Structure formats: structure tokens, C-alpha cells
Amino acid sequence: MIAAFSPFLAVRYLVTRRINLLGIAGVMFAVWAMLVVDAVFTGFVSGIRRDVRTSTTDLLVTDLPHDTGYERLREAIEADTGLVAATAPRLRHHGMLQRVRQPQRRVRTQGSSQVDFDHTENGFALLVGIDPVREEAVSGLRSWLVRGPEELAQRYPGDFWSSTVLDEPDLERRSQLRAKDEVEWAARRRSNLPAAKNVQQHRADMPGVLFGWQRIRRTGALPEAEPFDLLVAAVGSDNQLRSDSDRVQFAGCFATGHRMFDENAVLLPIETLRTLLGLDSFDPASVDLVTDIAVRVRRDTSASALVAGKQRLQRAVQALLPPGSPPCSVLDWEEQNLVFLSAVAHEQAMMQFVLFVVMLVAAFVIYATLHMMVVQKVKDIGIMAAIGGSPAGIGAVFLVGGFTVGAVGALLGIGAGLLSVQYLNPVNDWLFANFQVELFPRTLFDLREIPCDLEPSWIAKVGIGAVLLALVVAFVPSRKASRMNPVQALSHE
Amino acid sequence: MYRLFLAIRYLLTRPINLLGMAGITLSVWALIVVVSLFSGFLAVVERHVHEAGADIVVSALPAWTRWSTLAPALADDPNVAATAPRLLHYGLLLRPGHRPPPAPLPGRGALHGGDQPFLFLMGIDAAQEAQVTGFAAWVRDAEIPAELRAADVAAPLAMRDGVPTVLIGLERMQREGLRPGDAVLLTTARLVEDEAGQKHPSKVQVPLRVAGAYKTAHSGFDGNNVFVDIAVLRQHLHDNRTEFVQEVAVRAHDATTLADTADRLQRALTRVTERNNTSYGVVQTWREKNAQFLGSVQHQRGLLKIVLVVIMVVAAFLMLATLSMMVTEKISDIGILTAMGGTPTGVTMVFLACGLVITFVGVLVGTVTGIVTAVYLEEVRQAVRWATGIDLFPVDVYNLARVPCTIDPLWLLQVAGMAMATGFVVSALPVLRAARHDPLVSLRGI
Amino acid sequence: MNAPVLQAAAVHKHYRIGKQEIPVLRGIDLSVQPGESVALLGASGAGKSTLLHVLGLLDPPTTGEVRYDGVPVHGLPIGERARLRHRHVGFVFQFYHLIPELTALQNVLLARMMAVSALGYWGQRKAAKAAAIAMLEQVGLGARLHHRPSELSGGERQRVAIARALLAEPRVILADEPTGNLDSHTAAGVVELMFGIQRDRGLALVLVTHDERLAQRCHRIVRLADGVVVS
């Protein structure tokens, strides 16, 4: 129970003492800073997470032993109809790509070598063999292909055409990502490759490869069906090293937004890659080789059902693997990107630590103002005691005061934060246009707009945190007030 | 004199002023510690980059460059201490009879890509390389177990059983279970011209023996690079052209004037490689070569600085609050002091002195504790992790042994100056109010 | 016979200053019957104010007992003591002790807020306000309701303090030199008011003073010297 005089006096004191406005201003400023800075940072991080999410399938069955075939596992996985909506085979390997038509070698004036060694410089590629028809059912392949040219066109001049390989009506051609006959014919002529005399007689036969847009950043804009040589080396099931090469054509570029994926990955028809690895699809003894199986789960799957489903799938797949195989993994999208996401999360934690210090100093402001209030109101405390105020009630005056300062500051800060976030980009643009000042350097984010993502849960955390912190710091002066000897307090000058 | 005396008395009798001091201290501390951490991180990254890449690198050399003409042209420069030729290539190192797992998923493997199967091949002359980089120390690193060490660390790339050898990063050696003497097969490709003048990639396979492990401070470098003798690459990839060179690593006498040296070397290079009025080849200091990457770390530090200044603003609020309250309380003293013979404006300076003492002590304590914390940051990190389980700076993500930290005196000065300026402004505000106060009012005791 | 409304039995009070024990009250026995007015007379430092504080539960006695209606009160829990201080006694001080931030009306109302919860008060706020206004009118301040203490004269402030002491309808008024800070004319008005109310309501009054003439108006005079009752 809070005695009626406590809130009454608390409010009167706050209203009549302007110094408390500083406490409110301090909390407001701190809350505002925490919201805006975190909104930008969260916006950035959740942008990354969103991109990582769209680049990654719901579940990925991976860590499979060598020479695992797709069909048997597919049946077992798709049998789990309560969970699984679709599956697609993936074959991960590494290879090298070399453009057939060498561009003129020019003097490069810009720093080229990077410390993060992304392997694109020399045509290294993480080859991901996919079945385009099945792939569309499990991942955003189609939207990746739309986004690729968009990302490039935003940054560089040049003709970044969008790929239409997925719209090819002929299933055989689509699964090979082949170009249209006339396009491939023109590309062959351009590169001095053997081609039919006239375009009508030409049948496209080069499998297509899809590049991540970050690779295009380095190769420069590529025309449709530009031929490449693809070289692959592997140790086969006979433990013999073999290598093979094939001529492929550039079928388009994609962007998932996942930097590491877009830099390294090259998508190509899984059959092409299997053939390069020495597996003939016409050979009945051959394996329909996969290293991973991408799984899309039903949209109505709850988080707990997903956890249970992962274990179920893992057991089902493991049962089909040769006895003694190391355990395979079924990874959700976060687990597939564990290292990358945790690096991002650590940076965010660091920023939040700094913001916490801001809040701490703001709490000091509340403490200072309340402490002074107690010191200056010693006589009032005696009066309250004399007319029957209980120690708890007297303490509550100052506790309520602190609470009010915290709450009003937090509310104002949240209001200001919401407004700032709303108008962050216009303000940043205006500042840059008029004063060449950038609050948030865009180059840092490599983005058009400053991302902003104010999560309601963060607002709640900051607001409640500010009020709690205010209560905690108010507790010390309020205890001091409640323990004061009333007789001494009355005679205080 | 009485001003400072009174100022200090006022401060000592009012512990709440310590809070204003604490705010300044905290903000100065945070500005120093966090920025030092990032500067340290930047310095570590720079050092790793620098060590792995020599002071100046001459790259993108045209095919007609001859080492015997290029080397003297470069060595002519007064600031060039040593040069070493390099050939660069790429490939896979596979162990016959062992099937490696597929390349890791992007985002699940190491961020620097050091666990990918691809490798950069650096063809070097071990003796000359040791003159320009820390190569000699890399093969002798104390962390390399004896059984993984090259047989002869003085000549680590010496042939073994008549087979050329390769130096591999320690982590990769351990991950793949390789031992010195193991046979590996280097698989790569080179472009070969056919009869029609078309260039085609052609497979190249070179049997090698593992020489041993090397270790630099940067596992990203170790994971991605292997060293072979330059003659091996010349033989298998460049038709035994003994003069062929693609990159030259340069060590300078004076590392502070690298940019000027690079300019001079660029002119010298032009004289050697110029053909048809076109110049070829690029000279870059290690900093230029990695400008983009280093820039991103610098940007992060800049962003953090903005956020940290917010702390100082809140600390200013705090000081303003405590000083205003003191002025409110002590404003009656102005009358007394005036009566005792002080001038009213002189008396108000007492309050300014209070604010400046608070600021000064706050800055001093903050700077000292900031420096101490920064120096013992690793111990602090371990203590925090032990007490709360929170890892403030994941050293293992960045492959560092301890939390890096570099204290920049200029930044210390900036922080102190900024804090003093802030302290002055927030002290001046209540003092202005006190100055406007009529001393007689307080004497009348209203 | 009824128990005395206020009773002190063998009350000792010592203060400790440094290592020295200073006895202020040395065995005070005092009974105050309902409706009785008692004047405590004595020189400065005789322990008059201390006795008043002990009687009003502001200060615990070192030994001895204070009884309200025959019930010992100093052993009660702290919250209960605060409630009793509110219900049973009303203080009037020499220096008025009003809260400067509040108007006359708010200062009086504060007394009503002491013992009820915030929610409980919300339900009776209109009645409380009416009672406070009535009380201020009774002390002759009907026209000064919304003035701050700084805008009131000394006599007016003391009237506000009296109104505040009376609002909770206590049985005993403890007045500590209520006219000590007032000029004689104003003091006379305040004294008349105080005794008038005491008579009308049948309250007990304990009046600390060193003004003999004022003391003569009380039913009984108790003289204190060096912490003991001398007559």
C-alpha cells in the first residue's frame, strides 16, 4: 500500500523543482540514444539475418558420408509429410572457372588483394550443384535471380540483364540452365568457339552457371551465355585423384544478400557437376551423388515441431546411411550459418554494452537529483513524520519521485526515438546535402538507405530498464529519507 | 586564493559532487577503453597484413618483365633494403588416398576462408623472402610442435628425396593430419595456347612433399597460403623461364616514408616495363594494398566513437545537475562573501572553479583508470567472463591470443580536451545564473 | 475513572554526545485527562520540547513508558506508531513547519493523506477537500486557501498549522511554543483560537511555553527544571 501523501508530495516536488527536469532530460536522451543507435544497428543486423535467412533453406541435411545418393534419402525425408513440404538435392564441391575469351589485361590501379581471401580473384568457386526444377520448390532461387542484377545496377553502370533460365518451358533445358539457341550461338561466335554455320542449325548444349553478384563485381559485366571453362579435381570413390573440365556458359547472376554465399558460390546443374566428378548418369551403377539435401518445411510448422522434426529427420536419414557412418546433421537456417551469425551478434553485443554505460550515467543523474532533494527536504521529512507519515510512506515519496522521473524520461525518449527513426534517412540526407556531415556513413553499410529496425521488444526492454534503473537509484535516497530521525530532521536548518 | 580554497571545501563537504566526477570519469574511461580496443584491433590487423605482405609490393607485372633487370632498378632506390621475387598461383593440395570432406558451407566455416580446400601458392626464394618478411620466424614459430617442423628451418623449402616441398599453415596441417615428408599432389591449371591461338585451361599436377608447418600471427593468412620454391612454379607453369616474376616484395629501410618510396619505385618500374607508351605494373604499400579492408575496421571505430560521445553528453547532464544544485544551495553564500570583501563576479568564480576541479579530477581519474583497464584488458575480459559468462570481445573469432589494445596519445588528448570543454560549458551555465543573482537578496535572507 | 488520554510514567531520556551521556529527562510522570489543558513551563534546556517529542512518539524514551488511553505505545511497531501519531495527537510547532511547495489547503489536506492509501484517498478526495476547507474557514483562513506559506503572515501560517493538526481529529494537541515566533497581538489571536477549539472539542492540550501569562490560562501548570518535574 502506498500512502496517499507519497505520490501527491512526489509530484508536487517534481513540478516545483526544475532541476528534476535535468534528470528527465538525461533519461530521455539516454533512451533516445539507445533506441536510435540500436535501431540502426539492429536494422543492419536484421537486414543481414534476413538475407542470410533467404539464402538458406529451412533445413539442410548435411555432413553426409562420401558417395551418398539422393533418391533413397529423399523418400525417407519426404515420408515425413507432417514436416516436409519439398526437398532438393545439393552437391557441394570446389572448382575453378576461367573465362574462355580473355579480356585485355589492363593496369589495375585499385587494391585488389583482400585480407579476407575470398577466392574469387583467381576463379575459385564453391560449386553448388542444384536441380533447378526441384530447387525452386525449396529456396528463393527465382527471387535471387531477380535481385542479382538489381544489386549490381544500384552500384555500377552497365547492362545487368536478368536471367530467364527458370522460365524455359523445356524441362530438360531448364534443368541444364541452358541458354536459348541463338544466344549461345552468338556467344560461341564471339569467343571463337566452334559453332554451326548459321543460327538456325545451332542447338545450345553448354550447361549454365549462375554467379553470385559479388563475383560480377570483379569480373565486370558479362554478356549472356559468356563461355567459361570449369575445372574440377576430386578424389573419387576409388581413392584416385581425378580432374576434369567442361565448358559452361554464364546463365545469370544471383544475389541472396548473404555476403559469403554471394562471393563464393557458383550454382550449376547438379548433373553437370556429377559428370565432372566422374559419375555418368547413364551408368546404372552410378550414384545420384549429393552432399546435402535442402528441405522446405510446411509453413504451419511451429518452432517446437521443427526442433522435434529435426531430430526425427536426423534419425531417419542416419538409419539409411552405411553402419558406422559418423552422425549426419540436420541444420536449421541459423545452424547453417553459425559462425557468420555469431560474429555479427558479438558486434551487436559490444554496441549494446556501450549503450548500457550511457544508461548507467543517466541513472546517476536521477540519483544526484533525488539525493539533493532528500538533503534539501530534510525538514519536510520531519514534518511528515510529525503529522503521522510512516517511514515507508516517507521513503515512498522519493521512490515515486524517481519512478516518475524515469518513466517520464523513458516515455519522452521513446517518443523522440520513434520520431528520429521515422525521419532518420531524410535528416541524414539533409545533413549531408547541406553540411557534408554524415551521422551514419553509408559507405559503412554499403546500402542505399540507413537500415532502421526498432523492435517493440527492444523498446520495452529499454523503457522498463530505464524505469527499473531509476527505481534502483532512487532506493538509496529514499531509504535515507525513511531512516531519518524525525526530531533531528525537524530541527535541521 | 580563497576561491580555490572555498571551491575545494564545497566539493569535499558535498559527496554528491563526486557523482558528477564519476560521470566524467566513466565517460572518459569508456572513450579510452573502447577506442583503444578498436585501435588495438586495427593495429593487430594492420600488423598481420603488413607482416604477410612486406612493406611494398610490386604486382601486376607484365609477362616480359625480367628479374635481372627489375631487381637492380628497384634496389637503386635509397630506401629499399631488400627485394624478393614471387610467383603467385592457386590450386588444390590433395593427398593421394585420402578423400577430403566437401568445402564448408558459407557461414558455417571460418570467416577468413582458411578451411576451404583452395590454396594460394606463393612461389618464393626462401633466402630472399627471409630478407623482406618474417618468413624465417614463421617456420621457427614456438607453437609449431617439433614433429611438424621443417627438417631444416634454415632452408625450409629444400628438396626432399628429390621432390620439391611445400610449407603449409600450421592449422591446416593439423586439421588434415599432415606430417613432414607426406606426399601431396598439387592440382592446378594453366592457360595453354592451341594452334589457333586460343587459350585453354590445361590441368597441371605437381607431386610435392610436405616440408613442414609455418605460422604467422594471422591464421587467415596461414589457412589460405602455402609456400613452394619459386623454381617449382617456373618449371611447371611458366615453361622454365628463370627470369619470370609476377610480384616483388620490397622491404624498406625507413617504414615511415613508404608512400614516397612507392612513388619513386613506380617511376623506376615504368622505365623497366614500359612498352608502346603504356606503363605496366603497380607499386603499392601494404596499406594501399589492403585499403578497403583496413578502412572497414576504421569505419567501425568511427561509429563507436559517435556512440561513445553520447556517454559524455549524459555525463554533462549529470554535472550540470550537481553543479546547479550546489549553486542553488550556496547562492546565499555569495552575499556573505561579498560582505567580506569579495566582488560579486569574483565570488561566482568559486563555482566555476568547483566545476573545473570536478572536471579535472574526473578526466584525470578516467584517463588513468582507462589506461590501466586498456593495458589489462585481457585480464578484465577473463574476469568478466568468469563472473558473468559474457565474453566482451571474442578473441577466438579474430584469432588473437589476447584482447588487443593500442593507446593513442592523440586520442587521449582529444578525449581530455573534449571532456574539459564539456566540463567548462556545464560549469559556466549555473555560474551565469549565480552571476545574475543579486547578492543583497541573499543577505536579506529571503 | 477513565484512563488518562496521555500518560508518561517514569520517562527518562538520555542523549549521547560523543562519549558523554547527557540526561535530558530524568523520571517524568505526567497524566493528561481528556479535555484537560496542561502547560509545561521551564527555562531553555529544561527538557520541555524533548518531553513533547517523547509524548508525541517522535522520539522514544530511554526508559519509562508513554501510554495513550492506558496502553503503552512505544513498544508498538513503527507503522502503528505513525498511525497513532496521526490519529491520537496533533502537533503545532513554533516554526509552523509547513511544506513550502504546497498551498495552505494542500498543507492541511496532507494530514488526511497520511494514513490512507492512494486509492483509498482517491475515493474520498472530495469529502477530504471539503473537510479541509471547513477547517481552514474555522481558523479564519477561508480567503487564503490557495496561498503558499511564503505568501502568508506568521499568524496565518500558525493557523494553517493548527488546522492541519486538527484535521485528523486527534484527542490531544501538542503545541511547542506556538506563539514563540509571533508578535503579541497576533499571538493573542492564535491563542484564543487554540483554546477556543480545545474547549469546543473537548481536546486535551499540552502546551510548551515559557510565557507565564499564557501558562496561567491552562488548567494545570507543570514546571520542569533539569529534566524533572518540580511542581
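Order as written gives the chain letters A, B and C; numbering starts at 1 within each chain.
Assume a residue touches a chain if its C-beta (ideal position, glycine included) is under 8 Å from a C-beta of that chain, and two chains touch if they have at least 3 such contacts.
Keep in mind it's a predicted model, so treat the numbers as computed, not measured.
**Student:** Taking each chain's centre as the average of its Cα atoms, which is closest to the average over all protein Cα atoms shown?
**Tutor:** A
**Student:** A-C or A-B: which has the larger count of contacting C-beta pairs?
**Tutor:** Of A-C and A-B, more C-beta pairs in contact link A-B.
**Student:** From the C-alpha centres, identify the chain that is farthest from subunit B.
**Tutor:** C
**Student:** Could you work out how far the Cα centre of subunit B sits from that of subunit C, in whole Å?
**Tutor:** Whole-Å distance between the two chain centres: 74.
**Student:** For subunit A and subunit C, let me know how many angstrom lie between their CA-based centres, rounded off.
**Tutor:** Comparing mean C-alpha positions, subunit C is 70 Å from subunit A.
**Student:** Take the average of all CA coordinates in subunit A, do the same for subunit B, and state the distance between these two points in whole angstrom.
**Tutor:** 26
**Student:** In the complex of these two chains, what residues of subunit A are touching subunit B?
**Tutor:** Checking each residue of subunit A against subunit B gives 19, 22-23, 25-26, 29-30, 33, 37, 52, 56, 60, 62, 66, 92-94, 96, 98, 100, 102, 105, 107-109, 111-119, 122, 124, 126, 192, 229, 231, 233, 235, 239-241, 243, 245, 258, 260-261, 263-265, 291-292, 331, 335-343, 346-347, 349-351, 353-355, 357-358, 360-362, 364-365, 367-369, 371-372, 375-376, 439-441, 443-444.
**Student:** Spell out the residues on subunit B that touch subunit A in their complex, using ranges where they run on.
**Tutor:** 16, 19-20, 22-23, 26-27, 30, 34, 45, 48-49, 53, 59-60, 62, 89-90, 92, 94, 96-100, 102-103, 105-114, 116-118, 120, 185, 187-189, 191, 196, 198-201, 203, 205, 218, 220-221, 223-224, 278-282, 284, 288-293, 296, 299-300, 302-304, 306-308, 310-311, 313-315, 317-318, 320-322, 324-325, 328-329, 390-394, 397
**Student:** Going by the contact rule set out above, which residues of subunit A touch subunit C in the complex?
**Tutor:** 1-9, 12-13, 16, 379-380, 382-393, 485-487, 490
**Student:** Inside the complex, what are the residues of subunit C that reach subunit A?
**Tutor:** Touch residues, subunit C against subunit A: 53, 56, 58-59, 78-79, 82-83, 85-87, 90-91, 93, 97-99, 101-102, 106, 110-118, 120-122, 164-165, 168.
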